[in-house]
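A, B, C and D label the chains in the order they appear, each numbered from 1.
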Amino acid sequence: MKLTIKYFAWVREKVGVGEEQLDVPDDVTTVGDLAAWLATRSEAHANAFARADVIRAACDQTHAPPTAPLANVSEVAFFPPVTGG
Amino acid sequence: MKLTIKYFAWVREKVGVGEEQLDVPDDVTTVGDLAAWLATRSEAHANAFARADVIRAACDQTHAPPTAPLANVSEVAFFPPVTGG
Amino acid sequence: MTVRVQNEDFDVNAEIDALRGLSDEIGAIVTFTGTVRGRANGESLSAMTLEHYPGMTERELARVEAMALERWPLQGTTIIHRIGELEPGANIVLVVTASRHRQAAFDAAAFLMDYLKTSATFWKKEAAADGSGSWVDARESDDEALARWADPPA
Amino acid sequence: MTVRVQNEDFDVNAEIDALRGLSDEIGAIVTFTGTVRGRANGESLSAMTLEHYPGMTERELARVEAMALERWPLQGTTIIHRIGELEPGANIVLVVTASRHRQAAFDAAAFLMDYLKTSATFWKKEAAADGSGSWVDARESDDEALARWADPPA
């Protein structure tokens, strides 16, 4: 499954890039699965996802919980809790 | 007792003047007494105070109920409920 | 801590900037602008006249402002109320509150408006498009709005 | 019904006037301006950088605005959020609401800010006066503020 992965704020800084195009294994079916799989890709990724519990996600630009399925999704973003306003 | 009496909005229009200097009888001791006494002064006053229950008052520029005493007061105002803002 | 009663219009940007300059801890500024509606309950308005009780009005506004400053941590407040003849669409009243955090600024502005509406000595007379004039009746909902503030804030 | 994400500053007067022109029934306009505090918890700030998620941010702001319009009788709403480098004292966010009566305008503006704070994809990075930088932590009180809106309005 081909996915665009985006990172923001300190997640982006820790991963070292803002965006990656990745081919994700078929057994990665949820947002939570994806975060766990990404954490295995490099030391930087592992470091970024070490605090996985505080990282939020969005599927195709809509907020999504770890249980959200990846079927038919083309863009997944990971970021800290928002701090605008 | 010498008092400055002020009227505002439709109370002023009905009485016909915005301000009067009056010598008030000694048995007029409260704001309510004063309203009742003023109502006897002319047909215009009677008309203005016909709806005495909706008229509000202030003693020396502080909101005052009908029971408020007039002792040491120099200015009493009568007006409809306020509608600013 | 500013109270003004005037016929002239006010400038919201200028009033915001005046409060902003008071403290470098301000993070939230709320303004309320009340305007003359051009149409109400289906009827067109041609103008509005605001009468007030000179002296008492300023005292009441200062009293209400002091109550807000005692109740919320505010860096600044401004109340401006216009008097005299006002056209439809014109500004009537401006309340500005500045605080570190948004909730205090919002609550204090709503509080100031609720108290102003029920205790500041202003009276509105509306002129209809047909030339007739009538004093605006006080709204019961304004007294109800005031009752919200009877309990101390959480 | 306006949402803008931009680096440029905004003009509160101009945004108020834009809403005022939408309807002759408007009687109440509330603005909320969020600013960069020059000092917080005793520490001086030299600058703030706002990062956001282009595309998603605008979608979230439009969604939140639609929720407010469904919930309150509003004649107009505007949300402007700045991004990029901002100096201490600078504006960050503007929310404007216009309604016939003040309560709807106040409530809708507070609602928009509460939702924006917890769902719009912005992140603040503070630069301290000593040159160090740190991402601002989300405040638990923002989640609590949001919980107020769980029940339908009275």
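Operating definition for what follows: a contact is a pair of C-beta atoms (placed from the backbone, for glycine too) under 8 Å apart; a residue touches a chain by one contact, two chains touch by 3 or more.
What you see is a predicted model; the values in this text were computed from it and never measured.
Engineer: Centre-to-centre on C-alpha atoms, which chain is most distant from subunit D?
Structural biologist: In terms of C-alpha centroids, the chain at the greatest distance from subunit D is B.
Engineer: List the centre-to-centre spacing of subunit B and subunit C in whole Å, with centres computed as mean CA coordinates.
Structural biologist: 26
Engineer: On a C-alpha centroid basis, what's the spacing between subunit C and subunit D, in Å?
Structural biologist: 22
Engineer: Counting only Cα atoms for the centres, state how far subunit B is from subunit D in Å.
Structural biologist: About 48 Å, centre to centre.
Engineer: Which parts of subunit A, given as residue numbers and ranges, touch two or more other chains?
Structural biologist: Subunit A, residues with two or more chain partners: 85.
Engineer: Which positions in subunit D are in touch with at least two other chains?
Structural biologist: Touching at least two other chains: 34, 102, 113.
Engineer: Every pair of chains that touch: which are they?
Structural biologist: Listed in label order, the chain pairs in contact are A-D, B-C, C-D.
Engineer: For subunit D, which residues count as touching subunit A in their complex?
Structural biologist: 34, 50-53, 55-56, 59-60, 81, 92-93, 113, 116-125, 135-138
Engineer: State the interface residues of subunit C toward subunit D in the complex, per the touch definition above.
Structural biologist: Those residues of subunit C that touch subunit D are 11-13, 16, 20, 24-40, 88-89, 100, 102-103, 105-106, 109-110, 113, 145.
Engineer: If you look only at subunit B, which of its residues touch subunit C in the complex?
Structural biologist: Counting only subunit B, the residues touching subunit C are 6, 8-10, 58, 61-63, 77, 79-85.
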